[in-house]
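One structure is given below, represented as structure tokens, and several questions about it will come after.
As written, the chains take the letters A, B, C, D and E, and residue 1 is the first residue of each chain.
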Amino acid sequence: MSNEDNKAYIEVKNLKKYFKVGRHATLKAVDDVSFTIKKGETLGLVGESGCGKTTCGRTIMGLYEATSGQVLYDGVDLHSIKGEERRKFARKAQIIFQDPYASLDPRMTVGNIISEGMDIHNIGTKEERQKKVYELLEMVGLNREHASRFPHEFSGGQRQRIGIARALAIDPEFIVCDEPISALDVSIQAQVVNLLIKLQRELGLTYLFIAHDLSMVKHISDRVGVMYLGHLVELAPSEELYANPLHPYTKALMSAIPLPDPNVSKAKKRIILEGDVPSPINPKPGCRFASRCKYAKKECSEVNPELKEVKPGHFAACHLL
Amino acid sequence: MELNEKSFERLSSEEKHSDEIVRPAISYWADAWRRLKKNPIAMISLVVLIISILLAIFGPYLVKYKFDAQDYKVLDNRPSAAHWFGTDNLGRDLWARCWVGARVSLYIGFVGTLIELIIGCIYGGICGYFGGAVDLILMRVIEVLSSIPYLIVVILLLLVLPKGIGTLIFAMCIMGWTGIARLVRGQIMQLKNSEYVMAAQALGSKPMRIIIKHLLPNTLGIIITYMSMDIPAYIFEEAFLSFLGLGVQPPKTSLGALVSTGQGVMTNHPYQLFIPCSIICIIVLAFNVFGDGLTNALDPKQRQ
Amino acid sequence: GCGSSSDGASEQALNLVGYDFKSLDPNKVSDSDSFTSLENIYECLTKEVLKDGKETTELAGAEKIEKSSDGLTYTIHLRKDAKWSDGKPVKASEYEYSWKRLTNPSTGADYMTLLDELNVKGVSEVMAAAEAKKSGAEVDKLVDQIGVQAKDDNTLVVTLAKPTPYFEKALSFRVLAPVREDKVKEQGDAFGADPAKMVYNGPFTVSEYAKGSKIVYKKNDTYWDAKNIKLEKATGHIITETTTLVKMFEGGELDITSAAKDDLSRLKEKAKNGEFQHISGPDAGAYFNYYNVTRGVLKNAKVRKAMSLALDRQQFLDVVYKRCIPSYGLVPDGVNCGSKIYRKEVPQTLKTSVDEAKKLMTEGLKEEGITDPSKVSIDFLLGEQSSITKGIGDYIQKTFEETFGIKIKQDFTADAQTYYKRRTEKDFDMCGGGWTADYNDVSSYFTIFTTGNGNNSGNYSNKEFDSIVKEASAETDENKRIELYKKAEDILINQDPAVMPTYYSDVNTFAKNYVKGYQIPKFGGSYDLSGVSIQGK
Amino acid sequence: MLKYILKRLGIMIVTLWFIATLTFVLINALPGDPIGAKAKKLPAATEQAIRAKYGLDKPASVRYVNYLGDLVKGDLGQSIQWPGKTVNDMIKAELPASARLGLQAVAIGLIVGLPLGVLAAFRRNHWEDYGVIVLSTLGVSIPGFVLAILLQFAFGGKGGIPTVGWNNSAHPFFAAFKYTLLPSIALAFGGIASNARFMKSSVIDVINQDYILTAKAKGVGKASLVFRHILRNAILPVITMLGPRIAGIITGSLIVEQIFAIPGLGRELLNSINYRDYTVIMSLTVFFAALYVVSLLVVDICYALVDPRIKVTGGAK
Amino acid sequence: MTRLLEVKNLKVSYNTYAGKVQSVRGVSFHLNAGETLAIVGESGCGKTVTSKAILGLIQTPPGEISKDSEILLEGKDLLKLPEKEMRNVRGSDISMIFQDPMTSLNPTMTIGKQIAETIVNHRGLDKALAYQEAIKMLKLVNIPNAEARAKQYPHEFSGGMRQRAMIAIALACNPKILLADEPTTALDVTIQAQIMDLIKDLQDKFQTAVVLVTHDLGVVADVADRIQVMYSGLIVERGTVDEIFYNAQHPYTWALLQSVPRLDTKNKAKLYSLNGTPPDLLKPPVGCPFAARCEYAMNICKEAMPEATKMSDSHEVSCWLKHPNAPKVKNPIGGSDDE
């Protein structure tokens, strides 16, 4: 674990990422999001599908240019550096992709996939790279022979582990895990999550863990942020958030978590949300959740609520609080 | 089945895996080749292609006549034991001429396609990958090029440059590459949003590296289909130019030139048209069918 | 297509090959395709007809032509019943207008110099002024003064600068057809482009035309001799492939066709059996290869002669064309010099002799300081690639390479324009070419080889030849003239060869038995339909 | 929508300007000109008069400006080779034949090619599929000019089908029909083959889509499955290729037009190139290019109309 | 109780370039009217293929259904039914909701028409009436503003709405059986809850039997009456919800239940996880397919397939551990051992 526990390692300030999807249409995928991640910490990010989690993660990685706002790594703004410098930055932060099938180039061997980052950054000699590839393969629970194979010969879980090996190859300090488990089935999900936790313990990595499986997020994260339509609506330590959700959306979410226990599950009272998720294209002003919130007041559909610290360490964005 | 004590002993972890079926480590290409081999029709066309290529190389030497040796004693003779494919109006042996012609045609087809492929892939790759203004401008260039009558450009180049097959290929390529550039661009526009491309970006890859290492190899299937149609297209193109008298210059010849000569004497000496035409047909057919098979074999969706 | 409806009475309709005209403006065109149309739709003062196998000049638009005793003034009386297709009478002033328009450089007529060739008074001044780039007004004035005058509606007086033996023959040339000034004024540049807007004074009108597809001639009812025109309609299909023509002829879609190569022998065979008629004979086209006498070894007359001697023309034709007539001279059979046919008077002198050719070549090359013939490479400009030019190239290459051991490089051009350009610029060693006279006189076959002539593509220049040709053009005594041309031809072919004669073109046309009176004029267009009738179809 | 079309038209004008300029440059780079080179050498004064008349005596820059000026006015200029004919006349007289031929060929290509493609897709890896592959490749592996002549010899002059010719007059559609039969078929062959190919792969794509399974699960009948669910979705990619094809087939039919003696524009272009008829080449090129670009636009619009997912404006409502 | 559907010894294989993939290797089960049967299991274990086989949607070739398989719908064997009659079964007796709502609707047909199509096919209504009916169906599945929505194309719908449209199509003709193949995997929990409630409502209304294929145990716990656990083309255990959740007997079921993180587990504690991967269905092992990953595997497991052992009327398990000679094993999730 890191020794400077309280200093923010990554600072996201008023990050916005809009996509232009037509002449007059702007899709506000991430709209004014701010948070920090400490070194060695795991921040979970949950929310409805399409609410902007992936976009947020990729913008933090610098894979998308931010529309506005800052992403500070140790105080350096990622979006202000360009060209070669920026490419070098790739060594600090890496990403594990959502889809283990799409994120591996089908025409490259696993060895090449894993060593690509080292090739790009000219790390080590050929033999050293080879050695590192073998080490990584073993670290993620595969074996050496697998280096000369092609991705299509692997199962989803194995592929996801190749993706993890690729991210680890250039010794990053920070990894964005973009739903690394949602494409896998339960027994393999557990394998991957166990691995991530082990690596964090051993290497002191920092994670941004994106998922919509709330139980899994709770399991792995120190703190959890809840997103809704591009906004961060709640942010709190995981135990606190699950025990005591404040935002109406978070509440609904928590109540809807299906529990693998028929007695509990059938007895449980769910908050059923009315209506559909509005479109993120040209969203109306005001709280994004207002249209589905049964407590919504007039104010909610006019003014966008700020994310405020309601309790120590527990932030929420709602006019009702 | 006999059950005994031993049956219910625990397995050690090695024993568990002892008979787990591990697929043999087989490379992507070997895998594709294996699948191709299982497609009889593709294999037949491959054999036909190889035979055609061999004949184009060695065929003319199987007879004692030179392809341009005239013999006025045997004008327009039908196929016979002496002249397997007959002779033409100047008494030249058609077997030798056909295979010399096939050599030229195949050469034009292969080289033309190769050049076109290189230009088209890079151009299309750049258009597709960068998109935006770069794409807009580069695509206009293609649009302009494909609007100019092909003949004007070919004639112009044939006039300006020294005569020869090189010039001919160059002239054909200069307009031909736009098709493949379009195709590659379309493919790459789709592929560039793939996560593996983004993964490469995240690792700090430069754009050219991404295009060459990731994007182009993944368009291979479609490029091969295109190639299998393009090589014949070049053979035709040359035939068309030969019909207009712009093709290969005598005394050299090509399948196209032979067909266009044969067409003139169709009523009286049909074999002079029929033979070279059949050779073109067979080669083209083989290319097409083989290309079809190859695409199937390379298609990741068909992989197991 | 041809209807099968009229089995009973013979319908006077004909299907044959047609040609695209460049323009129907007689003053502007110079190509044989256009002349085929002009031949049938316009009438000139005289016309050439084939009578008993002989080309004779008959009066047509003229009723009477009076020549003054010094041979310098022609008074031409027009026939009074001649009418245009819009019913207006044909007037002498329309001839005058046409001829002056032809001569005026501002028209840009291809045959601008025609009246100069005919020695019409004042025309050479116009040419000189044009050459000197005089102003338009000045030139117009000179044009106005040339020796062509309409005395009244029916009398045209032409004054010549010197006697011209072939003047009356040349009057049949369709470029000299009358032109209606009112129509030209009305249509301006577009005159001649749209058949529907034209007026016709010949036996037929163009009633329908689709460029590249077909041209339909219809009998002109206002033509003065309309009662003797039997044919009502002729449809010309514009097709370039002779194989297609033959196919359509045999399939009954055409009544008349030409043929080439193997088709020709097949059709000849059938014609012998009486299935249809075979119309054949020599034509006025002479074909030869120009030597560029200013380049390389071809500067040497012996080398040139040697090459001329080496070619076995009959074999050459058998291999390449399977038709035409081998030529050993310059002028084809059937072209007149005065009232006599030149070729009948002057036999051809060149004889193929490979031995002599080899000897001459060795001598010639030695004179040029070359001992190894394989060092010699001759660039043979052939024009566009076609099965014919490819055949010629391959044959000639083989012949000379085998006979002399010299190299022949077949030089094809991408298109006709480049060929003509290179020919005019004399950018070749040897170049295929030919000449067809416009009217029935031998003179033009010779004039093209005079020093500096625009069509003298081989840069040929021989003082003696020049002076003989000049003398002959004004010589009124027929026999003396023939003698002069004989001498000139000997120089051109034998002594100081300018060309390698190869062949004369011929006529090989097949017509269905029911087609009568089909004529192929030697000069100008491809067919004359005025005598055609359908009998017993 | 309107805005989109306007924008496309704007880009189109720039493209056309480029094409016009490039053609101008190319043509002027060709050796030989329409006047200087003829079988018979023209008198110098005649040449000069003709040059002056067509403005060819002026420097290239002046000619370029004049040419563009005329283009803008819609005046495509005068032919040099065919005195008195304007390019506008030519297009008016000859476009109908080319267009009809082209459209008929495209129609035949669709009518024959699409069902073949569908058949091949449904019977994939059966003899029908191989039959279609062989047939379609044979169709394209016989060079167009040979095919045209073979057709002429096989069918011309028989059963009232003329070997060559055209009929523009009289009854515009039916009288001409017999003339169009052979050339349209000759032209259509390439289209049949490529339509069959594209249709096959696109049908295979669609068959494997989940929504086809949904339709089957609904118990939809075979015919309705093919027509309502498969065809509509499979035909989209074919539509995309159609535009350039239509434009291309008009320019591309030069050989067929020549062989069948059809008064069309393709043959005209070939002619004009051979004779260096400057104005005609340039104007026809620009005209063809315009046709091409417009057809691309039309196809894009059609595509958007057929496929509800595509909005030409790109934005949501 | 009436056995609405009975599947007997279903075997499905696919012929591929690589060889014969034995996707389903002898599955037997039944379904009663009005009940919900959940099928759970690793991805690729044959859940979807089983449901497709019931509807007769396996393409042959490449698919192949073994001759001795039977699928009886109220006594008649669907596998022997001619295609024409099968079409009448589809959509009216049995209908199916597919895995992916994004791609399972025809993109070039309006939603209304897609629903109406089934109604025209099976209820013989004319088009206009069927369309009205379709709008009613849309209302029934809680799509607001149904009249306008019916005129829209699938791409104009959100994921949840598309899934509801799919349900509307499936229920349009009041089928006796609804096969729901992972109907909510693509949706997030709040929408998922909505959809599951909807299915439950409709089921109560029409007495529809539901086969729910999913690997979300939470959902299963919520809605299922009976559960069937599949592994590698076989059913390894089946029972009522309570039997499976509280008294599972098969090591695979144990693993499945254990590896799901619970909200009450300790943060970042090691989750239970299975090592290895499922066997290749190209050459399935002769013994128990789970043997290679099973903690308790014995020699016999590799040699022979275990027979099904009846634990109760409704509870069956196929495992050698149930053999009287087998060593006793403690159930790691704390259900009662044996009995």
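In the analysis below, contacts are C-beta pairs under 8 Å (C-beta built on N, C-alpha and C of every residue); 3 or more make two chains touch, one makes a residue touch a chain.
Computed from a predicted model, the values in this text were never measured in an experiment.
Trainee: Both chain C and chain D are touched by which chains?
Mentor: Both chain C and chain D are touched by B, going by the contact rule given at the top.
Trainee: Quick check: more C-beta contact pairs at B-C or at A-E?
Mentor: Answer to which pair has more contacts is A-E.
Trainee: If every chain is reduced to the average of its C-alpha atoms, which one ends up farthest from chain A?
Mentor: Taking each chain's C-alpha mean as its centre, the farthest from chain A is C.
Trainee: So the centre of each chain is just the mean of its C-alpha atoms; given that, what is the distance between chain A and chain C in Å?
Mentor: Computed value for the inter-centroid distance: 89 Å.
Trainee: Please report how many Å separate the Cα centroid of chain A from that of chain D, as a whole number.
Mentor: Each chain reduced to its C-alpha mean, chain A and chain D end up 53 Å apart.
Trainee: Rounded to a whole Å, what is the gap between the Cα centroids of chain A and chain B?
Mentor: Computed value for the inter-centroid distance: 46 Å.
Trainee: Measuring from the mean C-alpha position of chain C to the mean C-alpha position of chain E, what distance in angstrom results?
Mentor: 91
Trainee: Would you please write down the residue numbers of chain D that are in contact with two or more other chains?
Mentor: Where chain D meets two or more other chains at a single residue, that happens at 30-31, 149, 153, 273.
Trainee: Hunt down the residues of chain A that sit against at least two other chains at once, touch-wise.
Mentor: If we look for residues of chain A contacting two or more partner chains, we find 279.
Trainee: If I count partner chains per residue in chain C, which residues reach a count of at least 2?
Mentor: 241, 243, 247, 415, 418
Trainee: Across the complex, what residues on chain D touch chain E?
Mentor: 209-211, 213-221, 224, 228-229, 232-233, 306-309
Trainee: Which of the residues in chain E come into contact with chain D in the complex?
Mentor: 52, 55, 57, 87-92, 95-96, 98-100, 103-109, 117-118, 121-122, 153, 155, 166, 169-170
Trainee: Give the list of chain B residues in touch with chain D in this complex.
Mentor: Within the complex, chain B contacts chain D at residues 41, 140, 143-144, 146-149, 151-153, 155-156, 159-160, 232, 236, 239-240, 243-244, 256, 259-260, 263, 266-267, 273, 277, 280-281, 283-285, 288-289, 292.
Trainee: Please name which positions on chain D make contact with chain B in the complex.
Mentor: Residues 11, 14-15, 18-19, 22-23, 26-27, 29-31, 130, 133-134, 137-138, 140-146, 149-150, 153, 251, 255, 269-270, 273, 281, 284-285, 288-289, 292-293.
Trainee: Can you check the complex and tell me which residues of chain B touch chain E?
Mentor: Residues of chain B touching chain E: 1, 3, 5-11, 15-17, 19-21, 23, 35, 38, 302, 304.
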